[in-house]
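Here chain A shows up in two complexes: once beside chain B, once beside chain C.
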Partner chain A sequence: MSTELLQQIAETNRWGAIYPELALGILALALLALEAVLPKFAHGLIPRISILGQSILLGYILLFDRSGCCSGEAFGGMLSFDGTGQAFRILFLATSIFVSYLAMVSLEKREFPRIEYCHILLVVSGALMLLAQSNHFVMFFVALETATVGFYVLVSYYRTSYLSLEAGLKYLVMGALSSAILLFGIVLLYGAGSNPALEGSSADPLNFSNLYIFLVANPTDMMAIIGMLLVISGIAFKIGAFPFQIWVPDVYQGAPIPTTALLAVGSKAAGFAMLINMVEVFEPLKAWMYPLLSGIVALTILFGNLAALTQRNLKRVIGMSGVSHAGFLGMGVLASTQVEWATNAVVFYLFAYMLASMAVFAVMAHLPKNDDAELTIDDLSELSKKNGFLGFALAVGVGSLAGIPPLAGFIGKLLIFVAAFQAELYGLLAVGIIGVVISIYYYFGIIKSAFFEAWTFKDEELEEENPGVPGETLQLFGKLAIVVAVTGTIILGFWQGPIGTWIAG
Partner chain B sequence: MNDHASLVQFSIAIPLVAAFLTMFVKGWGRPAIQIVSVTGFAIPAILALILWGVYSPETAGGYAFVSDMETGLSVIGVSLHLGLNGVALPLFVMAAIVGLAAGLYAAQSNAENLHRYLACLLIMQGGLMGVFASIDVFFFYFFHELALIPTFIMIGVWGGRDRSYAAMKMTIYLTLGAMLSLIGLIAIYVKSGANSFDLITLKAALAEQPLAESVQNYAFGLLLFGFGILVSLWPLHTWAPLGYGAAPSSASMLHAGVLKKFGLYGFVQVAVPLLPDGVAQWENWIVWLALGNVLIVGFIAMAQRDLKQLIGYSSVMHMGYAFLGIAAMSVLGVGGVVLMMVAHGLTVALLFMLATMIHHRTHTFEMEEMGGLAQKAPVLSAFFVCAMMASIGLPGPGLANFWGELSIFLAVYEFNPSLIFAVVAGIVISAIYGLRSIAAVFFGKESDDFLEVQKEHAVVDMGWHERVPALILIITLFFIGFFPKTVTTGINDALKSEAVYSQTAAATPAHDHEH
Partner chain C sequence: MTDLFFYIFSAVALISAFTVVFSRNTVNAAMALIVTFLSMASLFVLLEAYFLAVVQVLVYAGAVVVLFLFIVMLLDAKEDKQKKISRISTAAAVIGFAILVMGVVAIQSSPTLAEASGGELAASQMTLKTFGNQLFTTYLLPMQVTGFLLLIAMVGVIVISKKAKQPQS
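Let's look at the complex of A and B:
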């Protein structure tokens, strides 16, 4: 490698442009340092400091840097900044704050160390942000693996619970497999794109722009097509799309609640950030890619909803419903190939999904049962009577997931449906409607358990081990997080204001 | 005229604000909750009556009290565009009046968690006011859903027998209907190319360049079955009697009386004017399915032993007339449908309320276990007889229903004379089950079961707390019956401005039948 290239790369290093990621990294290190410095009794403050630091960063971005301070490529084409990337940054940061809060609540219940968790969480979030803005397969893969390795730890964090360990092992095996598939795809693309015999080849075909130029010149190159197929498969694993959703139920169930939330929202959103980029890069291969994606989307919606019907375990229900959400989001991504604003609609859907999921997970974290892997729908029974606040939060969250107006989830679905109609995806729309109607059944089951009084069999002996009251662990600080998620969901359902203008582009 | 636009906004916002407030005043005890919620129902009713008073027919055809507000969905051409025209105004007023009656009645109920019960009802009321005041098709749909969600919750939490099953069945059916109609509306929006969900803009755009016939065809198909499920079109009606049977009475009143009119209103204002070719394609379907409503559901209603189920089925049956009137596609027929929607809304709400009052006295809905109630509760029986006669459409107490149905029958006769036999058979059927129910509940000998009940609970007649809400409804019915012109002039003017309806020749205006 010549020094000129290094020089050239160094000139494009714009450290200021990645200040959010750097800030998260510094905060992560600061947490570890604080643990060493602070006396033991003050350790409880550290997760709060983490949340505070992230909130300041989020506040700064929302106030002064909403549309992204920088645009264009940086770091020798490794990263590329745009408005969508900035929106994903905000999404990941908000997710990270909610997850930190969930970790504070549920890890405290089980008496597991929280500082390490917060540390890893920050690193994962930073990696997800970089992933969303990557413009080069090397950056893409490194960021992805940074996040995934962090996930391996977070999933098996309850090291005394065999379900958590099992989940960790499954996620490790499946994650490694998907990384291998993805890497193989990248290598094939590299091989195809750097073949000097072909038109449009370049020395650096892993750069998205170079690869695009190559694919435009060679839209029928078999090696590139197989590479595309494998890369999409690797991404499908991240978003839990059919047929790569098999890991979802077990891993979601076994993982601690905050990790499940991070997988359901952060990991899925990252997958869609990747997919949005990839759909643009692989656009020349649309003859192969669109049918492939359409098939995946249709099957994902149907499978996710049908599989959720029979689940009783709360995290499994949410997991399978997340699979179907991946299908709806995929419909939006497909529409974005024809309709420009559909990308923003996907981002909006992700925000709505994030707020709703966080409300539901927060309610789950405050249920009295200690082992959160065994929470079932029956554990919600009479929640509204025992704690009206949590009941209301659950109703809003579940309602928004189901796409019921006037909540944010409905607006998200509406935007995606309109975009899909404009893109003439009629078949997928039909599948989408069927999916929505099926989903009502299991979402309704959750609401029924929490709100409708039912005659239940009361075992005298079981009564003795008092399960406690839901929401005992609820503090003012925790209420604030739930209030934010719930009011955000309601307000975005009525009034989208500047966000709506942003969607229009 | 636009000076009063804010009154429309207030009548939507006030119930929603009141719903929010009930959560805060719950600590101050029952009276505080009752005052807040009754105020939330009363103010929209007063505002609606003021609007009715100042609405002048000269502006008919167009919309009065118009206001427009951006909410952020400009990307798909949505804005909160409110206003009322001659068709919307009577329904808007009817919604406010039925809401007031339902609210007054609900405020006295002994439901557990009264503040939540009333909050749900208030949210419903806010949505209902919004449905008829929306010019924007998206918000029209949106407000409908806003009103629908509390219904499910109210059935599930405060409902009667089979509430869980009823609530789930209703939710699934109505979600399917809502999704189908949503896609139909999206189809109109995308294919019109007007980049607007605004009804006025859409109408103008489609008048200039109508949609291709194939598009109209499938869009109307989607709306027919989407709205059809919501209006309980046969054979997709089974959720309705079940749901109304299980729902608490105030929820039944608002849903059967007002919310169900959303679908019909959607046909009258949106589907038919925007997709005239689509209607022509589906006309036979509408007629046959509507006959299913009138005859098959009519026979099912005759077989009912349960009073609340009977009222539920009778309400489904009457939707058949409405569909027939729409299929006729004339000012006369559709004007009759709108008048019938108003009258039927008031009647069915009254019937559901009276049925619950009967239940308080007999502790059953089984008609075989009642009998002879007229001796113990003559006022109640007078009210019920009036309401049931109105429902059948007999002139007298049911004058308002009578005018509506008569216009529909005339229009149907012009449209297809052979249909008139089925329609007349429907009248006979409803007379049979209506009069039989009056006889079973109020006259004859008291059944043994009823005597048993009386030993424990002495039967008292209607008190003023029950009479007031019933009187509100019945006075409105009489008013419309004797002065139909106050309502029909606006309806006719609005409908005549629609090319679809006024094209039909020899349409005699409904208000000619005034006496």
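Let's look at the complex of A and C:
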């Protein structure tokens, strides 16, 4: 290999184009350095520095770089930048800020190290951003594994709690299994695409554009079809879609609240970023892929909603409702194969879902129970009386998740349904509407418990233990985070503004 | 000459692999595993995949087996009594063997494979130099991200396993 060729390749390494990821990486390293340098009493500042740094980055992107500074491929075809990728960047960054805040609150309560949590969180967010923009299976897999390894640690972070450790172990085993399935699929695609005897093969079939060219030339190649099935299955694992959702309730329950929020929003959004890319790449195999995805989507919506009906544990309810949300999002992704703007509708739905989930998780983090794995719906009882602010935030968040107009969740679902209608997915649309109707029941179970008095059995003999007041830990900073999530949910419901024009275009 | 070496190393690999499975003593099994990996590495050398051979020795025969030995010694595994083979393992073994036979037959009877075998081995170009060139040009970004992967894995292990400060309350 000559030096000119090397230089030519190295020239596509446009480091400036990935400045958000670089900034997160540097911030993550800086946190560790600060922990070593600063005196003990100043350590409480470090998570705040992390949030501040991320907020500055988010502000910069929102003000000056909304639609992405760069387009096209970079890093020798490893990454490809476009508007959707930039939207996912903003989504992951906002998620990361909310999760940092949740971590500050919940870890403070239980005295676990916070700085390392913030450090791992930043690296995971950076990896998720790269994942959403990857254009090559090597980058894709490395970014995915970085995020997944981070998740293993974050899930089992409450190591004194059996439930958290159990969740960590389950997530480790299931995550390793899904990674193995995904990797096997990638290898089969590589094997099929690099066969010089076939038309359209190339030396680097792991590149998405090369793979697409190969699949157009050989839409019936059995090896490629099996590879596609395995890759889609691996992604379905990450988003918690139907046959691969078994890990969701236990892991969501055992993981610390910030990690559950990150899993529910970040991991799911990353899965859909992957799925949106993959659906484009595998488009030539649609004879196999569309029926498969339709089946997964329909079963996911029904299973998620039906399974959530019987749950009493708050995190399990949110987890199973997350499964059904994955179904609705999957419907949007399927519609995007026919209707172009459906991809934007999926992104909008993810933003609405993120804001609403963060409001709900923030309320959960401020409930007085020490062990958040055992929060049940009953712990919310009379929340609106004890703390009206939290009660209102919960109502807005849950209402938006349920899709009650005029909140953002309603517009998100409406856009997805309109897209599905235009794409003529009538069967899925029917399933989706049935799913929404079922979901109202358990979402309003939560609201009912928070707003309406229920007769509860009180044992006079047992000593009344003081359960503490919800929202005791609420500070100005926390109020700000909840206010942002709630107003975001309400505003996006009434006024889609620039996002609306972006979706229509 | 190469054929002879191939048969020698294959035989060693097979015998030691059977020892891994059938040995009652876990330490002996781990040692036999090293022999298997070494003979596999020799097979890679015969295929002129030198880099793969070196990695095989360094990573598998070195690090992985040492890890196995650590765990065996930490857990203090005793020689266990012969367990009854359950019906499901028998079924799995039969199915596995059948798939293996099918694979061999498929390779033997494949017409495209017989033609392709005359070509140059792809692995023979895979010297350490081209590998390094690729790693520091095309795959530079994934490599940097891998660095972060290792960092958070390390930080995570320390955080989860270091001595816990007793949480109050």
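Note that the second predicted complex is superposed on the first by the 495 of 505 C-alpha atoms of A that agree within 3 Å, B and C clash if a C-alpha of one lies under 4 Å from a C-alpha of the other, contacts with A are read in each partner's own complex, and residues count from 1 in each chain.
Just so we're on the same page, contacts are C-beta pairs under 8 Å (C-beta built on N, C-alpha and C of every residue); 3 or more make two chains touch, one makes a residue touch a chain.
Just so we're clear, the structure is a prediction, and the values are computed from it rather than from any experiment.
Of the two partner chains placed by superposition, A:368 touches none, neither chain B nor chain C. By the touch criterion stated above, A:437 is placed in contact with chain B alone, chain C being left untouched. In the superposition on chain A, A:219 contacts neither chain B nor chain C. Legend: residue contacts after superposition of the two complexes on their common chain; A:25 is shown touching chain C, with no touch to chain B.
Contact with neither chain B nor chain C is seen for A:200 once the two complexes are overlaid on the shared chain. Applying the stated contact rule after C-alpha superposition, one finds that A:83 touches neither chain B nor chain C. Those residues of chain C that touch chain A in the complex are listed here as 112, 116, 130, 133, 137-142, 145-146, 148-149, 151-153, 155-160, 164-165, 167-169. Looking at the complex, you find that chain A touches chain B at residues 341, 399, 404-406, 410-411, 414-415, 417-418, 421-422, 429, 433, 436-437, 440-441, 444, 447-448, 451-454, 494-501, 503-505. Of all the residues in chain A, the ones that touch chain C in their complex are 1, 6, 9-10, 13, 18, 25, 28, 32, 75-79, 110-113, 116-117, 119-120, 123-124, 126-127, 130, 138-139, 142-143, 145-146, 149-150, 152-153, 156-157, 159-160, 197, 370. Of all the residues in chain B, the ones that touch chain A in their complex are 71-76, 138, 141-142, 145-146, 149, 153, 156-157, 163-164, 167-168, 171-172, 175-176, 179-180, 182-183, 186-187, 189-190.
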